[in-house]
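All chains are identified by letter, namely A, B, C, D and E, in their written order; residue positions are counted from 1 within each chain.
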Amino acid sequence: MSASADTPLDTEEEEEEGPRRNVLQRWTRRAIENPGNVYRAMFYVAAAFFMVTTLFPFYWLLVLALTPNRFIYHVGLLPNGFNPAAFIEVFQVLPFHIYVANSLILAIGTTVIVLLIASLAGYVFGRLEFPGRAPLMLGVLAISYFPPAAFLLPLFSLFNGNIVLFGVSSPELYNTPWAMMLPFTALFMPLSIFILATFYGQIPDGLEDAARIEGTTRIGALFRVIMPLSAPGVATAGVLTFISVYNEFFFSFLMTDGLIPATLAGIASSQNHWAPLVQGIIQYQGQYQKFYNLMAAASIVGVLPVAILVVVAQEKIVSGLTQGALKE
Amino acid sequence: MSTETDAPSDGVRQGSAGPLTLAARRVENLGEAGFAYLLLVPAIAILLIIAVWPLFETLKMSLHADALLTNNQVGEFVGLQNYRRLLTGELDPLLVRPFFDLSQPFQSALTVTLLFTVVSVFFETIIGLGQALVLDQDFRGRRWVRVAVILPWAVPIVIQGMIFYLLFQPQIGFLTAPLQSIGLFSSTPLSNSVDSFIIVTVADVWKTSAFMALIILAGLQSIDRQLYDVAKVAGASKWQQFKLITFPLVLPSIIVAMLFRTIAAMRVYGIIETVSSCSTVPSLSCMVVSSFSQHRYGSAATLAFVTAFIIALFVSVYIIKFADSGDL
Amino acid sequence: MGNVTLEHVTKEYGDVVAVDDMNLDIRDGEFVTLVGPSGCGKSTTLETIAGLTKPTSGTIDIAGTDVTMLPPKDRGISMVFQNIALFPHMDVYDNISFGLRLRDYPKDEIDRRVERAAEIVQLEGMMDRMPDEMSGGQRQRVAIARAIVREPEAFLMDEPLANLDAKLRVHMRTELQRLHKELDTTIIYVTHDQAEAMTMSDRIAIIDGGELQQIDPPLVCYNEPANEFVAGFIGSPSMNFLDAEVTADGLVSEHFTLAVDPEGAGVSVGDRVRAGIRPEDVYPAEEAADLDRPSTEIEVTTDVLEPMGDEIFVYLLLGGTEERPSMDAESSANQLLMSVDPDSDISEDDELTVVLDRSKLHLFDVETGEAITHGLGGR
Amino acid sequence: GGNGGEGSTTTGTTTSSGGSGGTTTIQFAADSRAADNEDAINEALHNAGLSQDIEVSILAGSQVTDNRQQQYTQWLSANRSQPTLLMMDSGWTIPFIVRGQLQKLDDVLPSDLLSHVKDDYYQASVATAQAPQTDALYGVPLFPDFPTMQYRKDLVEDAGYNPESENWATESMKWDEFSHVVSDTMDSPDVDMGYNFQASVYEGLSCCDFNEWLTSWGGAYFGDHDNLFGPIGDRPITVEEEPVVNSLKMVRSFLDDDFDPGLEGDYAGKISPDSCLQWVEDDSLAPFQNGNAVALRNWPYSINICGADDVFGEDLGVMPIPYAKEPSETKYDGTGGPVSALGGWHVTMNPNAPEANKDAAVEIIQAMATESFALDMFGIIGWIPPVPEHLTTDRAKSVDVIGRYTEQLKVAGENAVPRPVTAVWPQESTKVSQEANAALSGEKSAENAMSSLKQSLEAIESSV
Amino acid sequence: MGNVTLEHVTKEYGDVVAVDDMNLDIRDGEFVTLVGPSGCGKSTTLETIAGLTKPTSGTIDIAGTDVTMLPPKDRGISMVFQNIALFPHMDVYDNISFGLRLRDYPKDEIDRRVERAAEIVQLEGMMDRMPDEMSGGQRQRVAIARAIVREPEAFLMDEPLANLDAKLRVHMRTELQRLHKELDTTIIYVTHDQAEAMTMSDRIAIIDGGELQQIDPPLVCYNEPANEFVAGFIGSPSMNFLDAEVTADGLVSEHFTLAVDPEGAGVSVGDRVRAGIRPEDVYPAEEAADLDRPSTEIEVTTDVLEPMGDEIFVYLLLGGTEERPSMDAESSANQLLMSVDPDSDISEDDELTVVLDRSKLHLFDVETGEAITHGLGGR
């Protein structure tokens, strides 16, 4: 190694302090000397930009919610009138909280199932080598190529007991949570499988090895070590699944008859009152008339559980692994 | 270590084991491939029943004629005729808009879909990556910025549609007039194909950048922070750290996110229907859904399969990339 | 019942043969150390024993059972990994107690054992630190504690003390030996530290290029290395090697001649052999008075001196300074390393006469490297 | 496939709620407004003579009609036995009838009720509940819906017109006159819009707005109105004809000042905002409701909104929709005059329901067909009574707000035109609205738009 | 211009003081080794020098510039990390060339340097392996190569040879020294290996509990440890310590008496002191013939023997077998360690007379641990 080669590059220190420099130069100079400030500035600009662009429509939503529906004409940046009562009306017109509760239950149930099953599959695809891996993965992926409508008719027959195999007719699942959770599971699982496979695949073998030596089975190692270490990925898969189900409309609309139980307590006892959140929201829509303020207020209310979930899940990520101590 | 304990002892375990442990042992003893298949059973089973079987039924439907006048879902067996008619354009008059017509690209399903996919996924990736990078920093109030960034993803499509619909509804929202005055939009953007296309794309980018951000963020959080230490000491600037460490290490996450976003973008439907209409911005899924609701199940099934096939072709780019990164 | 037997175990990674037809028979309660150059397959051997990787061929037997196909958890082993592999999401207590918790030990039993293990590795009071809040050595000690809380058939330890300071290492050495004695468990140990290998092992297995070279008690390996590789590998600093030819006069090399009885040494006239002598068996002629069997005197020039505190390594040039070997030629034929007392007044570039301890001279076959004889009789 | 049996669910079987041994509860799939008024509806039914041991349980279906249609399609295709009664849009009942998915009421309703429905109800409504080309009844109209032209009487009067004395309420005016009324009124400084309508690319354009324009010009989609419901593929397609094209030109001239429709008669230009081209009902209502428009074509619900005391109250004027040609001047039966597009809903019966439920359902339908029930519902939810005579009763007139406009509604109802619902109408509708919108926006000339519409319709008609 | 100066550097992690008011002044081109017990703050010190962690207080100066607030990349350093930290997504070539590629070196220059570095660490031909396909030692060598391809102001190396076998370690030692000489770069080196510290360093810095204990050339540290801690820490096996009292008779301990001139030794009668003597300065009486200044004879019993090949460690019990110390008492007052020649015929449980080399005896203050004197004169 010749000592000369490093020199052309270490020029920064050599630069002489010239006397004539205008402001811009000085600024650039400072920026170069202390790029931290520039990054910080860039960072704040970017953060502010993202905040504004993502939050503005929500602000607009709030404006809509606060504007009485009859004054919706030409709402500007400020609500046209001030009618916080919309948030109360939302619950008076419909037992909206029950729709929310229904959706929460469906979403949580589906998320748990998806995470469980997709974890196993993600582990397999992410960490194991076996013949048929690529075709199987592509097969799983291919399911998401199809529009949901492509699944509907057969599933509807299936869940209405119309499919008879060996003299046994398929279970009557229509109007039960299963009629939604099963399709959701199937439709949202490929994404989770891919996410989890990616993250599980990145966990160093050494940690799984250590767990197995300590006496876990491979599955035990998956749930005790690999999954916690992939907390960001798992949380992401969970949040994405949860939100997708929470807002799903197509199947939840066609697999329920739109009834809801009269009370929250009724959810537990009822087999067949499973109308979800979105169905609630569109109930504020008349045949010709849309109660934009109620829809807006309802969606703000409906988004709250998700916001809470996001906070919680992100906390989990943070506590899980912030410092990225993934290193063996 | 003292040996006096009578707690379960380690040691090579043999013989006397309950049936459960025996089963567990048998599982552990499976070869890599056997074990892999076993863990895939739940996922594959649910996918087979809830996804593959319906698709198979739908495939059969696509080989039958439409039946508008009977209680049957489909008419007589016609082989591949539906496909032939679709691909030769014979079916176009029956569709909302032509399947493929280069002379009016904004009103032909295939071109609209591809254009939408490329544009929206491009912006979503850029923005999602930017958001993820911001969220990956440590700063006060990060939790709330996170929630803010992710919140759009939690908005049901109905509401997302409502927001953008109203924003661009000249009598209500305030966005049309200025955009119109600078000549960007026509006076009726929501019934103008190009304008609506842009609005739908913006709405989609607004909502689903969060999806990207979430997955990429998880990828970022899984990066071993020590690697940055190494890079810093080696003299890497922030940009170089990003280019050489961050980017390659989150690339798998980005690919997964883009893959699924691309698939979803190619199936875009809900936001079109709620902001504008399938007539104005026809997508492939629009074709499927409208044929479906018009009771043309044979055509709808054909369209669904052709859509899936086109998606498969389009995403093979990712698949190849994925295979390169060793995950397939 | 913790004997571990490897029969014809081979492990290949693609083209790379990490372990090559390894046969090991480790008795119950034995403490065997694997040593060998970096990349020779020590870790891989442990991994196959642990069941973390399936051998490409061959069988492994632990405690009389063929475990080749058994998963790690049923092999009754515990292991310290070379790369430590603490669970980053668990604090020290959870890391250490992991295996016990898996086995549903009662809480107080777990506490007791963890406490005891922490004491052994001197980590009391760090129970709720997370791995990334610890120093390298502390982490390694957690890994050791995690392995020793359990009472398996066999311990596998892959350089468990690499990141510890000398003093702690000596302490851990004692502790591990005590543990070994107390539990009467088989221990298979990988180390790069000669002192560890020499003091702790019942037997040392020397591996090179995936192949077992010798497995014998430490002193046997030291004093009667099976081949040139072992001779050069065991002992630090390394043994000196000098090429020589067996003539009627005895052993003749470029720089010295040694009367030797070809018969007694198992060589015949005309053979080319390699002679090996350890640095501590080279003496300045004046100090060789009490030596039973010195060799002929050899004229040398001192080159570099490496004072180690308790001794000084003196690099000797056989052919005079003009033949100073280039620094990277590993063990040059012209170079001889001698270790002397720190009180010695040798300085650089001295002209010196040294003798070799004939009884400590080893002869190796030039081609195969096999040892021919250890120690020359006669004078 | 077989029917998996529904016995386990709570409804449809005898339950013993409140100890009143043996109440039969019948599921009725309706919308959320009906569901909100479930108790009132039951009361109204019982008042109308429904036996006390029959109860109706209302499923809150979506108010979005497409969603409901989709849902019913699934239920009926899967042969579900629940719900027993379905509230169906008159716009899409016929496809269900054609597919044989509804109970033929001729077989289950008493004959006096059948003839009452067929004879006394709004004919247009009944036509959409019958099998095409026969008079077999599959649904009983629950309430019809007809749009009217709603306008600001106060402004119009300010502009010098005299609606009251000219009896605009029942004697409709022609489009050219209307255009001047609007145009003149617009000159009053505080309104910037004139005539608001709905011309987004949606079902509402093809079924209703466009349908009204072309019919009022004497045009038709498929020739004589006998052909409205088929036979598909075997009827003339007449969208290319002059009345249809003229109607488009007229409306385009309302939208676009620079466009010369080349029509005889004197039409005032630029009385409608461009935005109409992307409006559905609600969007067009907002400016009107906020006092920014002279006239609005809309359904009765907006009468209730705008006629409320705190909006325009008595200042809201309602008249039948204007027209261009007298019926006598037109080529096809049923065209010309002040037409209203027909909306509204029927009650139909699930053929898979258990017999016991069907029997109870028949009783319910009977109760629903009474004047008492119709008027109760007019008061409670604002469902317009399905029998014209009921509208003119004092009880109807005494209903708040909308009661003031029963005369106008009756006229509209008598001039109602149904959309040409057939199994292929959904596709045809899409094409119609696309082409009509394109013609109105000036993207295509009216002639071009209609000739390509004709081609599309031919293709669709021949596809069955 | 690579001098590195730490002034009052303190680094706290919450309650833990990892580095405590550290003052170091490392001259340009100097090779300084940091040693100290596990967890004493060596890595943290390197990290603060590298700029990876900001000191809680104090300033750092490299090449005459105050770099306390500068980011790592502007400090002109390169570093080998204790936990290796290879880039998992890059092959060996990319890992090694990382720093060069950052600086846009021409391709052929990169190739040349990488090749050279790979040769030094003996990894030729492994250029396209991925890190997870390598053994622990191989990975460590990649890390070393990655650091040495560049020519920074200063190298920081945190136990770079921990996972290498003795032979390779000796080789790497030479290579690093040569590199040091060639580039004339400052090297700050952390190691647990005494031999490394002794042979490579210009000076050794001994750290304990975050505090610098002594910084001096190796032999000074060895022969004149500043305090009891350094004395016990440097040298393996460790120095023997015996409590004693200064009386008019000299140094009196439980088991022996040593005539001493209090004045010359810097103690006064009545002081309690701790005497320290290294194992190699304890001799069986019969071999002490040529010793200049043996102490009085001490009667001992041999306990355990640890044969190391080139020497034997003999544990001696001062008070006879019945006082055999419990095994974990670190350096028991009754125990004395002696190192003897491997030829020695001492066996376990021998009764023996030993002498200490007075001139190698160290005295320390019992309270502060400060060294009082090194080597006793007189007899």
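Just so it is clear, contacts are C-beta pairs under 8 Å (C-beta built on N, C-alpha and C of every residue); 3 or more make two chains touch, one makes a residue touch a chain.
For each chain, UniProt lists the protein as follows: A = Sugar ABC transporter permease; B = ABC transporter permease; C, E = ABC-type D-xylose/L-arabinose transporter.
Just so it is clear, the model here is predicted, and its values are computed rather than measured.
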Minimum number of chain-to-chain touching steps separating chain B (ABC transporter permease) from chain E: 1
Third chains touching both chain C and chain B (ABC transporter permease): A, E
Chain pair that, of all pairs, has the most C-beta pairs in contact: A-B
Chain ID, smallest distance between chain and overall C-alpha centroids: A
Centroid comparison with chain C (C-alpha atoms), farthest chain: D
Chain located farthest away, centre of chain E as origin (C-alpha): D
Chain centre separation in whole Å, for chain E relative to chain A (CA means): 53
Inter-centroid spacing, chain B (ABC transporter permease) versus chain A (mean Cα positions, whole Å): 12
Rounded Å distance between chain C and chain D, as computed from the means of their C-alpha atoms: 94
CA centroid of chain A to CA centroid of chain D, Å: 41
Sites on chain D at which at least two other chains make contact: 70, 77, 286-287
Multi-chain contact residues (two or more partners), chain B (ABC transporter permease): 10, 28, 73, 171-172, 224, 226, 237
Numbers and ranges of chain A residues touching at least 2 other chains: 35, 72-74, 152-153, 204, 215, 217-218, 282, 290, 321, 323, 325-327
Chain C - residues contacting chain A, complex: 47, 50-52, 71-73, 77-79, 81, 83-89, 98-99, 102-103, 130-132, 146, 150
Touching residues (chain side chain D, partner chain B (ABC transporter permease)) in the complex: 66, 69-70, 73, 76-77, 95, 98-101, 200-202, 273-275, 277-278, 283, 286-287, 423-424, 426-427, 430-431, 433-434, 437, 441, 455-456, 459-460, 463-464
Footprint of chain C on chain E - complex, ascending: 13, 16, 35-39, 42-44, 82-83, 133-138, 140-141, 158-159, 162-171, 174-175, 178, 192-195, 198-199, 218-219, 222-223, 232-238, 278-280, 306-311, 313, 327-328, 330, 339, 342
Contacting residues of chain B (ABC transporter permease) [partner chain A, same complex]: 10, 24, 27-28, 32-33, 35-37, 39-40, 42-44, 46-47, 50-55, 57-58, 61, 73, 127, 130-131, 133-134, 137, 139, 143, 145-159, 162-164, 166-167, 171-174, 206, 209-211, 214-215, 217-219, 221-226, 237-238, 252-253, 256, 259-260, 263-264, 267, 269-270, 284-285, 288-289, 292, 297, 300-301, 304-305, 307-309, 311-312, 315, 319, 323, 327-328
Touch list for chain B (ABC transporter permease) against partner chain E, complex: 224, 226-227, 229-237, 240, 244-245, 248-249
